[in-house]
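Take a look at the structure set out below.
A, B, C, D and E label the chains in the order they appear, each numbered from 1.
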């Protein structure tokens, strides 16, 4: 008989919103080994370039992931625009920025909710989702989609939003900021929450860098890297600094994401106040030729959309490297020696988006 | 008494969805939509669930997962395909790793539209599923009472259409199991089956006027060859197969030996024989994924 | 009267016979016949026979004193040379000291002391004799089958079965001696014989490991023996008596020192902390030895002595210290048992714990505590013997005694598994014996010293944990296994079956035993007695009736159900235990009980418990002196 | 009370306790939902759930697994009857433990990884709350000189005044006993847990319904015990039970689930500090 | 106004890969991702690196950014590569992916899934290019 407990964790598991599988080897409740199996969501859409032209592919990019749908399509469009040297009108760039930040708000609130759920704090989960629902409403008002917005296109965006509507959005987002403060207090101050987060899954600065972490995972370990500082879309025109925490544990990651909520509120306001007038899209002609790695900062970190065209309607290669893909090695490292009860917390701490990862 | 209408418990599984529908499933549990108003609980456990909400499309890797989860749900159960991917595959339909909608592996009862499906549609889907649950339960109950009245007896050529229909249902399962759609029982025509009645003995199990199981046998020398033991999946693991085999054995009083064969993975077919003491004789390959295992036993005292 | 001497002498005679007639068949006949006679004999004492209980047995004291001293010196010499030969000088020293004390007692005070009652029996002795008689003979019968298989499995050990059975019967005889002796030197003699038997049986396998363990046991028990001899010397010098009954009826002040010394001897014998290590070490012996000596009888001699002293200890500080040692041992040993996966070690720690509980009762010394303590001895002896023999049988069949390998035993060895379940249920579950006794202990403590309640409540909760997880292990089925209980001798089944039946039977009959034996004894000392109210007994009988229905479920299977695979996150591969693992492999799930080693590690807790108990013992002597 | 009266009372208890327990469960869900800014299910939702479960097919992993649950149920009913007819409180606690052990064994028998871990965790939790519960009974005895529920209830003293530490400690372990956050490690009411549904993972249909009903009995018994601290003033006892229930509900909604080490330490330290401290005070002031 | 990154590509022979990667590492480059592209006659493998400013937490490091790609060309038949996971441990994920989807044998991966990172219905789906574009 075994001297250890071996249990399958997933692919279907109530704490996993998405299917991954871990062979957990336990001694009492201590995880001594966690071997992952992924690929349950693998569809293989990168190969769709052979069947869909570069414009149609925006619909696919929009559906890579339901959480960062907009940023995916934006990163794809930026890639194609770079290859084709399309200049996007500034108003479209600002709208992209606003929507990106609202998507980040929605994603972080979703993450907070799921995290609360993972450590068994149901009412906190409900409250996070209650607030998130208001963000989703705003997105729906502006774009027509709750989850998958479908407003980005090569050369701009499909819809304009009147300035007074934007002002209204800014007011409402700021109001939400007050509610988010109350939420943040619980996440950052509550003792039972701290018990579940502080010191769990610690990655020191060097480890995080070595493991190739991106996004809040990296910033929570004290590395100030945020792809938005590249200044894509309208990020060059707004004022912000990457949010960094030092401790590198689950609590620090939570803190980074919570602080980013307020940062996003601020960025939405800044972008809305600076937004210029004019068109929201240009007509694009010709076919892409050349290659470009388009990088954007998703709620989960840096995403890479690599597009390579050979001058036909069909791209030669389209490849997406999502932040979760970069964070999985860190997850494997963190799972060693944790408690069984920490497994869902650790899985969630990287804010996994398996759908993007496996494509 | 609409017991199911007031307490539909759901199981959610993300087959290969983009997350969009999953988030909306979760969102429908949360304050704005709060499906718990309607008694809905997201159980996360197939053993407790009534409604299986599947998002995303089917691929090679999650196919077995979906089957397992469905198999582990107690009757009555309903499958709801949530979102377009689960319905047809959406934009990913042409991807090399997408087999199609959920209905390629599971009997889907409700299709929920939307990309991503909106919480309102999901709730509507649950309410539709509830209706179906009630119907299935009514059917289950009517069958349950009648299990005791099950009769087993000789079938005649008149029963051929019903037996053929049953055979196709059962072998559909087999075909999926072996990924081999060329199985003879699936291709058999009605006339062909009718002709079998001239040479072979058919035994049928009848509940409430419906044939739910059958088996056939033919004498060859001292040996009776039994084959095509089929029981409607709903009635599996209730000993019906065993009773059918016993009955068909009894109809060959002169046989000294009984033989049969099944596919190497067909646990449901093997079980009744093994329980009656049939031992494997040999195994031979019939197609890439399918082996045929021959079983036999001598009659007691023979 | 003769029957008391007869019970002591008969096993000794049989032991000699076994040494002479060595063929296996003859041995079987002798052992079985002797077992029947001893069992019947010890039970017959329990029948009302007016008069004999108090009748003194007159032997010219001069002779006997010298005979006892002679045998004792011979034992001491034997041990002394053992110590020399194996370079265990501490052992030699202890033997020498003890012999010196015995000689000193005899030379200095021997002529002045008249022993009025050499051997006697009251109801308490008779209960103990009954336990030893029945459990001991059942174990002897069991050993016949077990030892044969044992030597077939373990070719590496020399087959010394005649010696084995010789020792077993010598041991039985001397146990009767311990319970019937009223003269303390005689008691000490029998006491030391059991120690020596234990030493020889622990070292039976003859390996270096077993010899080391045997010497550990010997050393610690000799330490107790030394205290015992000291108590006799002290008693002889101050009170001019060496009789147990006289000691107990003495004034508390004067008797405290010998009482403390005797309690100390009792605590070493019953492996209280910090002396518990020898009992763990003793588990290398063949399992019937563990069952007989190290759980159900010999170690009970220690608690027997402590309970005898209960009236003296009641309400005194040394008594409280004894109680604290018992309570601490109960708590620490119960917690440690959580971290053990070797079935015999679990049983050993649980034995230590329960002995601790009995010592606790003795230290409290109230009538309720005494009543509870005697009940505990009774239930524990039977149930623990059953459990040990079951584990032995399991080991004989599978060559392991790891609890984890008992997974699915309910299918592999259904009969044995049910017997283990009975044993386990008997150890902690309502309404079985041990729980009843613990309940009584709790009530006794509440009235006397509620501080001690803390040991009992925490200790029992730990008990619950390790027993239930063991039960669960027996019941879970991860692999379908064919039942196979062949190769276990019929005699073994007889012993196991009888012990199981007694374990259950006692639950129904203990009120009778209590009313006939325990209550009169307790009333005789204190003039009042505790008992379980009739209403509660009826309720417990109802519970027993319901629990008794339970084994039906082992055989009845539910019809009209659909059997589906266990939930494995949807990853099942045509099975309840196999799942699609990472790297394309099909893996089997495994389940291992929790042992919480980091929290309840043996080393840490036994160190802490040992230190605490040693402190209590120092305080005990300090106050007594 | 005559035996006949006792029997009649027992029957009333057996009928009324699950109704009360089910309503409490309904109130629990409703209030929890309100605390989470949701509308929540109907008050009678627990009864709807059970009614539905009785209509489901019976599926098992091991054919004998459900028997253990039947015994769990029967002993839970027995416990309730024993307690509310005024039996011995220690015996009630033992019967309650016995019942819980049957549920744990059922989970072992089901032999699935998650029910197994649930069973292990449940045992840890039982180990955690058992001392405090027993200490509460001991404390009641020290004040009233009786272990009999009827006598305790008739005692003119307001136990909570003499035993405040024990009462608080008892409420703490009640959170464990009622499977509420932060101590809902073994089988959470909420769906999302790392061990799926823990002990009940493999039980479905009517067996699950029986577990649910047994929990209703359990709720009434443990709240009854809490009320016993105020038994001298019956109206206060009822209010106290209600307050305790509400408090536990509130705690359930404002805590994250802790790990087993913390659960065990909390319960034991509470028992050792509040429980034993209180008992010593009572003993020496007597 | 969208500032495009300065992205450079350096084509190197497969044999020089390890040496080059080691150098990148010693210069403090970060592995951003690695991926294959199936061309008409052969295939290319891209290893993309980027480097922040001198100090990782300098907030204005954006100005110093730039992406550098090492490109290795491989034949269509039996492509083989050494693993770079000894320099960049997380690279094993990309390499397993190359193996599963493009059929490239990568030698010495830190964690080898043995072709089970993805279970695909078509083995190494990217090896063949669909001929018709449907237009």
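Heads up, the rule we're going with is that a contact is a pair of C-beta atoms (placed from the backbone, for glycine too) under 8 Å apart; a residue touches a chain by one contact, two chains touch by 3 or more.
No experiment lies behind these values; they were computed from the predicted model shown.
K.L.:
What chains touch subunit B and also subunit C?
P.N.:
Chains that touch both subunit B and subunit C, as defined above, are A, D, E.
K.L.:
Touching both subunit D and subunit E, which chains are there?
P.N.:
A, B, C
K.L.:
Based on mean C-alpha positions, I'd like to know which chain lies farthest from subunit E.
P.N.:
Result for the farthest chain: C.
K.L.:
Based on CA centres, what chain would you say lies at the far end from subunit B?
P.N.:
Here the answer is chain C, farthest from subunit B.
K.L.:
Pick the chain whose C-alpha centre of mass, unweighted, sits closest to the average of all protein C-alpha coordinates shown.
P.N.:
D
K.L.:
For the chain pairs C-E and A-D, which is connected through the larger number of C-beta pairs in contact?
P.N.:
A-D
K.L.:
For subunit B and subunit D, what's the span in angstrom between their mean Cα positions?
P.N.:
Result: the chain centres lie 41 Å from each other.
K.L.:
Could you tell me the distance, in whole angstrom, between the mean C-alpha positions of subunit B and subunit E?
P.N.:
45
K.L.:
So the centre of each chain is just the mean of its C-alpha atoms; given that, what is the distance between subunit A and subunit E in Å?
P.N.:
23
K.L.:
Which residues belonging to subunit E are in contact with no fewer than two other chains?
P.N.:
116, 118-120, 125
K.L.:
Mark out which residues of subunit C touch at least two other chains, giving numbers and ranges.
P.N.:
In subunit C, 560, 562-565, 567-568, 570-571, 580, 582-583, 589, 591, 594, 596 touch at least two other chains.
K.L.:
Find every residue in subunit B that makes contact with two or more other chains and list them.
P.N.:
13, 30-31, 42-47, 59, 61, 65, 69, 72, 74-75, 96-97
K.L.:
Can you give me every chain pair that touches, using the contact definition above?
P.N.:
Here the touching pairs of chains are A-B, A-C, A-D, A-E, B-C, B-D, B-E, C-D, C-E.
K.L.:
Spell out the part of subunit A that touches subunit E in their complex, as residue ranges.
P.N.:
Residues 37-39, 42, 44, 47, 50-51, 78, 81-82, 87-88, 90, 93, 209-212, 222-225, 229-234, 236-237, 241-242, 244, 292-293, 295, 302, 304, 306, 308, 313-314, 316-317, 319, 321, 325-326, 328-329, 332, 358.
K.L.:
What residues on subunit C touch subunit E, complex-wise?
P.N.:
Result: residues 582-584 of subunit C touch subunit E.
K.L.:
Tell me, which parts of subunit A touch subunit C in their complex?
P.N.:
Against subunit C, subunit A makes touches at 1-13, 21-23, 26-29, 35-37.
K.L.:
For the complex, give me every residue of subunit B touching subunit D.
P.N.:
The contact residues of subunit B facing subunit D are 1, 3-4, 6-7, 9, 30-31, 34, 36-39, 41-45, 47-48, 50, 72, 74-76, 137, 140.
K.L.:
Within their complex, state which residues of subunit D touch subunit C.
P.N.:
Those residues of subunit D that touch subunit C are 57-64, 66-68, 71, 74-75, 78, 82, 87-88, 90-91, 94-95, 97-98, 101, 104-105, 107-116, 119-120, 123-124, 126-128, 130-131, 134-135, 138, 141-142, 147, 196, 201-202, 261, 264, 268, 271-272, 276, 279-280, 283.
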